[in-house]
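Below: a set of structures, written as structure tokens.
One chain, chain A, appears in both complexes that follow, with chain B as partner in the first and chain C in the second.
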Partner chain A sequence: MQVALGIVTSIAGFVEVGSISTSLQAGATFGFQLLWAIALAATCLIFLIEMSGRLAAVSKHTLADAVRERLGFGYHVVPLTAELIVDFLVLAAEIGGACFALQLLTGIRFQYWALPVALAAWLALWKGTFGAIEKGVSLLGLIALCFVVAAVQLHPRGRDVGAGFLPSLPQHHAPNYWFLVVSIVGATMSPYLMNFYSSGAVEEEWTEDNLVTNRLTALLGMGFGSCVSMCVLIVSAMVLHPEGVKVESFEQGALVLTRAFPYWGFLLFGVTLLVECFGAALEIGMNIAYVPSQALGWNWSENVKPSENARFCLVYTAAIFGAALLMLVGVDPIELTRFSMAFTVLILPLIVLPLLVIMNDERYLHEFRNGWLANAVVIVIVGLAFVLALVAIPLEILGGS
Partner chain B sequence: MLAACALACASPQQKLARSVEDAASWAASARLVAAAWAANKVPTAYAKSALESARGRLQRQRESLMNSVRELPAEHVATAVGLISRAESAVENMESAVARRDRPRLIHEYEPLPELERRLRALLQAARGSS
Partner chain C sequence: MHLVRDVLDKQLLGNDEERMGKVDGIVLSLRDGRPPRVAFLETGASVLARRVSRRLAEAIEALERRWGIRQGPMRIPWERVRTTGTDVGVDVDARNSSAFAWERFLRERVVEKIPGAKE
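Presenting the complex of A and B:
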């Protein structure tokens, strides 16, 4: 039961504004050609999530907590600041995605939805507990499975889909192709997922008995979650690519389900975007409060009354309404998503490198330290993250527009 | 800001290709939105807003090409601007048809779009070939 819940949570947590928009753009512009990028990023994420969960279950430390304790506040202030900036941008993008979904569903401009969405998110965090939010978001988030059904109904050719899993060079738009690779990695390996997952494990008081659950949740949950992202890409490749539509706005992406579900497709897209973005906004809102609270030694928990951890609540309150302001002034949600995904990749080495140190520290992991395979994977991820961080901004300039 | 920087870094042929490709993409989007609205698959408010966005983007591409007329081959620019203007005008007529809830008129208005898209793509190939 716990494994099943974990998997459901992971599926819902995986699909958010970044994965939806990058998969839509990748499928519309390059057909199936970028499926490999999702598969690669998801494989890396499975390892990182498993390690974050193992760290929490064995040491009772979240990732941010362990980095501060092991490497000192002097070092931690750098990734802490970087993660807070990225989380804030991604939070704004998620709120923007939810607002745009409401624009699609109601016809009222997305700017008008910024404050109501922010207020609803704040109320959910203020009143809810970690378990209630996690389960509510997960169950509602299963609506994203409509992309899986659509992908099956559209009958893509197995050979074409299979070829997409083999990395290949683009025939045109090379900067745009590589920028989308960077964005897909940024959307998939979002640093907030690692800290949020370890914070959740600490909130739910995981012990070493939960290590099997942790491994299965990371493997199956992230695996199925990435399948949903791949299905978004496949549906976009089947519907928008042949028509020559490049997705620059959610208004263009909104038609993607209308071939598989002629009369429900539009509504399904709007509701899926709304639920997934709102759910992700709750998770990132929580994480944005977890990270500084854990780093500065404040009380932190979503399971206690706001009066008992006032600074934790103050941080998510300020973040949510600050992020809503960006939407209120009319920042384009899809442009913001594109920018924040590139910025995520930029800070990835700062987040992943300390994990390598901590996961090999006997004081934290005892006999559950990383083996050679896990270390090799982290080293590859760090290398990949450095390369992507170096090219992210030049590619954003050349291919992001 | 990044988009402006990207445009400044691009060669004249790349600018032409990018504008023409974006215009073809927005024309195709407008056609899909119109077809979906005509088949009663999407709400009117969405169709109006999406067509307005498409017309705005087409207009932006046309103006961008007209502002770069000195750097680009005059013949290509004139052809592209002409095609984009026709697409813009077709989308404007489609907007009016949606506002009047006139489905038969809308279908008539988007009929020229596939041919305009085809010609924009042919121009794109030519621009890419000469870059």
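Presenting the complex of A and C:
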């Protein structure tokens, strides 16, 4: 039961404004050719999530806790600041995604929705508990499975889909292709997912008995989550790519489900975008309060009354309404997502590198330290992250437009 | 024990295992002809800020005094340290100590004025 819930949670956590918009763009521009990028990023994420959960279950410390304690404030101040900026931008993008979904559904401009969406998100965090929010977001988030149904109904050719899993060089728009690779990695390996997952494990009082659950949740949850992302790409490749549509706004992407669901595809896309972005906004809102609370050693929990955790609650309050302000002044959510994904990749090496130290520290992990395979994977991810970080900004300039 | 590795930046836990900040600073007392000894552990925003910028630390301390939050950072005598390791346990009533000065200030002045904060 716990594993099933974890899987459902992961699907909901995986599918959000970044993964929906990058998968739509990738499928529309390059057909099935970028499926390998989602598969690669998801495989890396499975390892990173498993480690974050193992750290929390064994040591009762989250990733942000451990980085500060093990590597000191002198190191931590850099990834801490970077993660807070990225989280804030992604939070604004998720609120923007939800607002855009409401614009698609009602015809009322997205700026008008910024404050109501922010108020609803804040209210859910103010009154809700971690478990209630997680279960609500997860169950509603299953609506994203409509992309899986659509992908099956469209009968893609197995050979074409299979070829997409083999990395290949683009025949056209090379900067755009590589920029999408960077964006897919940024959308998949979100730093917030790692810290949020370890914070959730501490909130739910995981112990060493939960290590099997943790491993299965990381593997199956992130695996299924990435399948949904791949299905978004497949549907986009089959519907938008032949028409030559480039997804530069959600309106263009909204037509993607209309071939599989002719009468209500447009509505379904709007509701899916709304639910997934709103759910992700709640998770990022919590994480944006978890990170400074843990770095500075404050009392933190989503499971107690706001008056008992004043600093924790005020951080997410300020972040949610600050992020809504960005949407209110008319920042384009798709542009913001594009920028945030590139920025995420830029900071990824700083976030992943400490795992090499922490996950091998006997005082935190006892006999559950990393084996050679996990360490090798971390080294590969750090290498990959460094390369992508170096090319992220030049590619944003060349290929992001 | 290595002070930087085993004490600095570790989580401080009060009597009831309440999280009460990290060990932001360590105060040593120098003694003639004898090795220095640890006098206090410090925790608070201004101590942490001092590690980045002295002016920022002074600004935080001035703000804390002006708003009546506290008179400088919290100092915990080394004799009150119960345990070290991944966390540093101390013999202090955390919620009533000055480590919770900002928490109390924000709770009374802001959070409790928002509906639903106590439920």
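Just so it is clear, the second predicted complex is superposed on the first by the 401 of 401 C-alpha atoms of A that agree within 3 Å, B and C clash if a C-alpha of one lies under 4 Å from a C-alpha of the other, contacts with A are read in each partner's own complex, and residues count from 1 in each chain.
One rule holds for everything that comes next: a residue touches a chain if its C-beta (ideal position, glycine included) is under 8 Å from a C-beta of that chain, and two chains touch if they have at least 3 such contacts.
Bear in mind the structure is a predicted one, so any value in this text is a computation, not a measurement.
> Could you say whether A:P349 touches chain B, chain C, both of them, or neither, answering first, second, both or neither?
Neither partner.
> Is A:C313 in contact with chain B, with chain C, with both, or with neither (first, second, both, neither)?
In the superposed model, A:C313 contacts chain C only, not chain B.
> Is A:G225 touching anything from chain B or chain C once the two structures are fitted on A? First, second, both or neither.
Neither chain B nor chain C is touched by A:G225.
> Looking at A:G72, would you say it contacts chain B, chain C, both, or neither? Reply first, second, both or neither.
It touches chain C, and chain B stays clear.
> Have a look at where A:G297 lands relative to chain B and chain C in the superposition and call it first, second, both or neither.
After superposing on A, A:G297 lies in contact with chain C but is clear of chain B.
> Quick one: classify A:G285 as touching chain B (first), chain C (second), both or neither.
Neither partner.
> Just checking: does A:P191 make contact with chain B only, chain C only, both, or neither of them? Give me first, second, both or neither.
Once the two structures are laid over each other on A, A:P191 reaches no partner at all.
> What is the contact status of A:Y364 with respect to chain B (first) and chain C (second): first, second, both, or neither?
Touch status of A:Y364: second partner only.
> Give one of first, second, both or neither to describe whether A:G31 is in contact with chain B, with chain C, with both, or with none.
A:G31 sits against neither chain B nor chain C.
> Please output the residues of chain A touching chain C within their complex, sorted ascending.
Contact set of chain A toward chain C: 59, 61, 65, 68-69, 72-74, 76-77, 126-127, 295-300, 305-307, 310-311, 313-314, 363-364.
> Can you list the residues on chain A that touch chain B in the complex?
Contact set of chain A toward chain B: 103-104, 106-107, 172, 243-246, 248-249, 251-252, 254-255, 258, 262-263, 265-266, 339, 396-401.
> Quick one: in the complex, what on chain B touches chain A?
2-3, 5-7, 9, 21-22, 24-25, 28-29, 31-33, 36, 39-46, 48-50, 53, 57, 117, 121, 128
> Quick check on the complex: what are the chain C residues that touch chain A?
Per the touch definition, chain C meets chain A at residues 4, 8-12, 18-22, 24, 43, 45, 48, 51-52, 85-86, 102-104, 106-107, 110-112, 114, 116-119.
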